[in-house]
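Worksheet: the structure to be examined is printed underneath.
Letters are used for the chains, namely A, B, C and D, taken in the order the chains are written, and counting of residues starts over at 1 for each.
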Amino acid sequence: MEQPHYGFWLPPNISTHGADIDNLISTLHWFMAVLFIGWGIYLVYCLVKFRERPGHEADVEGKTHFVLPKYIEIGIIIVEACLLIFFSAPIWAKVKKDFPKESEAVVVKVTAEQFAWTIHYPGKDGKFGQLKTELIDGTNPTGLDREDPNGKDDIISPNILNIPVNKPIIVQLNAKDVIHNFFLPVMRVKQDAIPGMTIPLWFQATQTGKFEIACAQLCGVGHTQMRGFFNVMSQEEYDAWYNEEEKSLLGDTATSPAGETK
Amino acid sequence: MSALIPYIDEPHPVTGVTNAKLGIWLFLASEVMLFGALFSTLIIMRSSATDWPAHGSDVLNVPLATLNTVFLITSSVTIVLSWAALKMKDLKKFKLNMGFTVLLSFGFLVIKYIEYTSKFHHGHFPSTSTFYATYFTLTGLHGLHVIGGIVTNLYLLGPGSKMWNTEPERFTGRIECAGLYWHFVDLVWIFLFPALYLL
Amino acid sequence: MGHGEMTVEEVKKHVKKYYVVFGALLCLTIVTVGISYLHLPIFQAIVLAMIVASMKGGLVAAYFMHLIDEKKIIYSMLWLTLVLFAFCMLIPLFTLRGIQTYS
Amino acid sequence: MSHDTHNHAHGHNHSHGGHDLPFWRKYIFSTDHKVIGLQYGITAVFFLLFGFGLMLLMRWQLAFPKQAIPLIGKLFTEDGILSPELYNQFGAMHGTIMVFLGVVPLAVGAFGNYLVPLQVGAHDMAFPKLNMMSYWVYFCGGVVMLASFFSPNGAAASGWTSYPPLSVVADNGQSMWLIGMVFLITSSLLGSVNTIVTAIQLRVKGLSFMRWPVLVWAQVTTAFLLLLAFPPLEAAGIMQLMDRLAGTSFFLPSGLVVSGEALKVSGGGNPILWQHLFWFLAHPEVYVLILPAVGIVGEIIAVNTKKPLYGYKTLVYSMLFLGFMSFIVWAHHMFMTGMGVTMSTFFQATTMIISVPSVIILTTYLLTLWGASIRYTVPMLFATAFLPMFAIGGLTGLPLGLTASDIHLHDTYYVIGHFHYVVAPGTLFALMAGVYFWYPKITGRFMSETLGKIHFWLSVTAINGVFMPMFFMGMAGVSRRLYDQTVYAHGAAAQPLNVIMSVSAWILAVAQLPFLYNMAVSWKWGKKADSNNPWGGTTLEWAASSPPPHENFTTPVEVFRAPYEYSSTKKLLPQFVQEA
């Protein structure tokens, strides 16, 4: 897994939906560039051609005006409408609405707090244990109730999100204290983590590698330090990691029914 | 300096209003937006709250609030009558009606005070729940508006009324503006009353 | 408003109107309080209460604040305000409702 | 108040009022709109420099993370390194001060106050005492904001947007911020009532609405935006104060756990509600910042191209439409709160629609240049530079206004670059142009052209050096408000851009020195303006003498035509001159 290359432009994209976003961004910038250069040429031409000089009078009656701007204006409206209707709205709908089935996806809870991320996997049973505010302490940042049968096998992974490649991931995003923003630059994922709400989002990685989670909403003095990691692994690596975690939680009886390990 | 500012006491020929009249309506427009945001908050707080009382009357004192409604409505009538009195060049009647207005608004505040203290006695504070937070903030801000009205009206009743002798038209205009403000305060209460107490 | 040029007679007519409105306001107050004791389902209760409140508010605005006979400039300004007021009331609510969450 | 109100129409008695007042009534607690305008101007320039200064310090930390600030660093912390606490305070206060205490008071308070009465031919504002009050309320708000730096844990540090719950659990500086905001809002409300009434009621004979100069249209639209958009923020500010001081939970949901401890509040509130009420103001606020600038640039372009503004009516309608639309686009600041498909499409659509009048405004100005005879005075240079800078600012709004592209760009440096292009090389350049342009009216003397040109060329280069790299940094995915972006791999890769920006910012600061010097020295020693109308302006302020006397017009003025019309000899003709 090599380090991704970052520079002065868009970071590499490793998500399935990111290419659409990148396309829209570059289309938009071409459109902006054409407009700006067009205006720029016109402006510079005017500034030189119509400068004050002896023998040159202002055309106060505006006889030399042309009708082009009207068409440009209409053109801009049409382009903007197309960008909205054919690009932005469908992409947004795909990201926000077309969720994969939970049974086919990896579902994780991500809880933001000042200034860390807690990633919570449901474990083998696929069910999240209950979270109880009163259980929150230094070792249990989200207050997971280990007594809850569903919570016994839950994996808590501080600040590191491990996911398999080529499989949809559903994140249930929440925050404990203030508003944060769950930002995966290479994944083109950004969503506010708002206390009191659990907001779903999904994505799917196309490459393996080690990347970063960034907080994109000012959340206090340690905002800049609120850096998490996410590793995209091959399915085998991911399974191996998952089993390892389960084993250390439940001992070697990981495969036996949950009730026995009390 | 006012000598050079036209349309203080006579309406502008095109707009048909005096400066003060336009000014007070603009001010009221901004007040509409202020209370608009607060009512918006009320709706949002209520629609997401888990412990909002089913009926305001379960926790708030409806009879007292009804009395307060009557007070405010009556004071609205008296202030508009005080303006009509000036139109009929009757300063005495103006003072009488304006005096009633101020008295009634004091009555409103006294009842508000009784309501608040009884809530505090029962341990209900703004921090108790979003219902009480909304209740205290909205009625509190409305109360501040009432106090502002009392100060203005007292001024116009007392030292301000000297203007009647020098510039009667302008003074009548001032009373009209004070009245508009006061009716607005009444108007807000007309909506606050059912929204908080009755629903 | 053209009340600047009102005669004493006209003012007296106005005063009569104020008393009628006053009576109507008192009646409506009784009505709205009465309705609240019926303990109607919440939706009907809100609609009814708001209708009565709007009627009362309308009376105050129309007669006490003379909006029934006001100048165009005031009307246009108030219409603008009302539209923005509606935006401020409704859009946050719709938007908050639109946020999908688990819970 | 005088007793002879009934002969008000044609100022026979302007001998009293201006000349026999004691100093403190004439210059401190003055009711003269020109003095108040200057008071606003001077205070606002002070705050602009102060807010700029905060940013210059922050830019050191950004360019050279965790290195001691040379020379003056020890004033702030023991080791001279800007701490993250201070960084957040400076960031929040930079935004607040620049917007609410700098640009708006300068654009609306100073230019509006000084020019609107002159341009409509009034002797003063409609409510002179109220006018004085707005200034002093603004002044108090400024003092509260400055004082908040000295509160125990420093000033507000939750960004100028003050999103709860962060701002509710923050230190006391935030309460002072809110109180300061209540002052500033009150001041703006009083000021806008005054501006609207003055412009509508005190118009001189012949000045119909469609003969208003564009600046008056801009100021009136702005005043309406302030009047109707600010109150919701005032309400929200009061609620946040209640949350902070009375323990309510308007913006606090249930179950908050802050630094390991459950917060002892009732909960049940909604943090997003604040964002709605905040942006209900703050989006129109963007147009409050830009519209006066549009007005100023319009005046300067008309005078310096020596031809009528192209499409005056279209321009006016565009401004009004822009103002109205600005009320229904606000939630495009909140796309990342998890907004659903319907509402996000609605806000994208309104956002695309609002770009139309902006483009029309820009187009009318660009078309005015065609066939002109452009006189390159310093104000015209700044006004010309405004056009492409505003264009960049406007165009870069597109990717932010569409949800899909906003996913990557939201809350990155791209946003900062976008709105700074609108406000800094956009509005601020226009305001500087305004200062150069009306200086001879205010003082009777010109500012130095040479110093002005130095100021212009240095500023225009440096300011692009500050803001252009931000777009690249935003593209690279670097979030805004980061104390040290090198923590992140993508941030570290983009770090060289920060050095460019910081150095440019410091050059920009140096570039303002000739401007300040010029402003101060020209007051007494500048080249004398040879007439009341040295630029050949067409609007009413040029009919008054320079500086205008206490009651503005010594002889009655009248308006005969629309603001930008030409005579039979094909020259621009002032509104107030009757053609023979």
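Just so it is clear, a residue touches a chain if its C-beta (ideal position, glycine included) is under 8 Å from a C-beta of that chain, and two chains touch if they have at least 3 such contacts.
Since we're looking at a predicted model, the values are computed, not measured.
Note on interfaces B-D and C-D: more C-beta pairs are in contact across B-D.
Taking the mean Cα position of each chain as its centre, A sits at the greatest distance from subunit B. Spacing of subunit A relative to subunit B, judged by their CA centroids, is 49 angstrom. Chain geometry summary: the mean Cα position of subunit A and that of subunit D are 33 Å apart.
Centre-to-centre separation of subunit C and subunit D, using mean CA positions: 36 Å. Shown for subunit D are the residues in touch with two or more other chains, namely 200, 228-229, 232, 254, 270, 272-273, 276-277, 280, 337-338, 340-341, 344. Touching two or more other chains at once are residues 96, 197, 199 of subunit A. Residue positions of subunit B touching 2 or more other chains: 15, 17, 22, 26, 29, 33, 36-37, 40, 44, 48. In summary, the structure contains touching chain pairs A-C, A-D, B-C, B-D, C-D. For subunit D in complex with subunit B, the touching residues are 1-5, 7-9, 11, 13-14, 17, 31, 122-124, 126-128, 189, 192-194, 196-197, 200-202, 227-232, 234-236, 238-239, 242, 246-250, 254, 265-266, 268-270, 273, 276-277, 280, 551.
Residues 96, 172, 197-200 of subunit A are the ones that touch subunit C when the two sit in their complex. By the touch criterion given at the top, residues 3-4, 6-11, 20-22, 24-25, 28-29, 31-32, 35-36, 39-40, 42-43, 46-47, 50-53, 56-66, 69, 72-73, 76-77, 80-81, 83-84, 87-89, 91-93, 95-97, 113-114, 133-134, 136-138, 143, 176-179, 181, 183, 185, 188-192, 194-197, 199, 212, 214-225, 227 of subunit A touch subunit D in their complex. On the side of subunit C, the complex with subunit A involves touching residues 99-103.
Of all residues in subunit C, only 73, 80-81, 84, 87-88, 91-92, 94-96, 98-101 touch subunit D in the complex they form.
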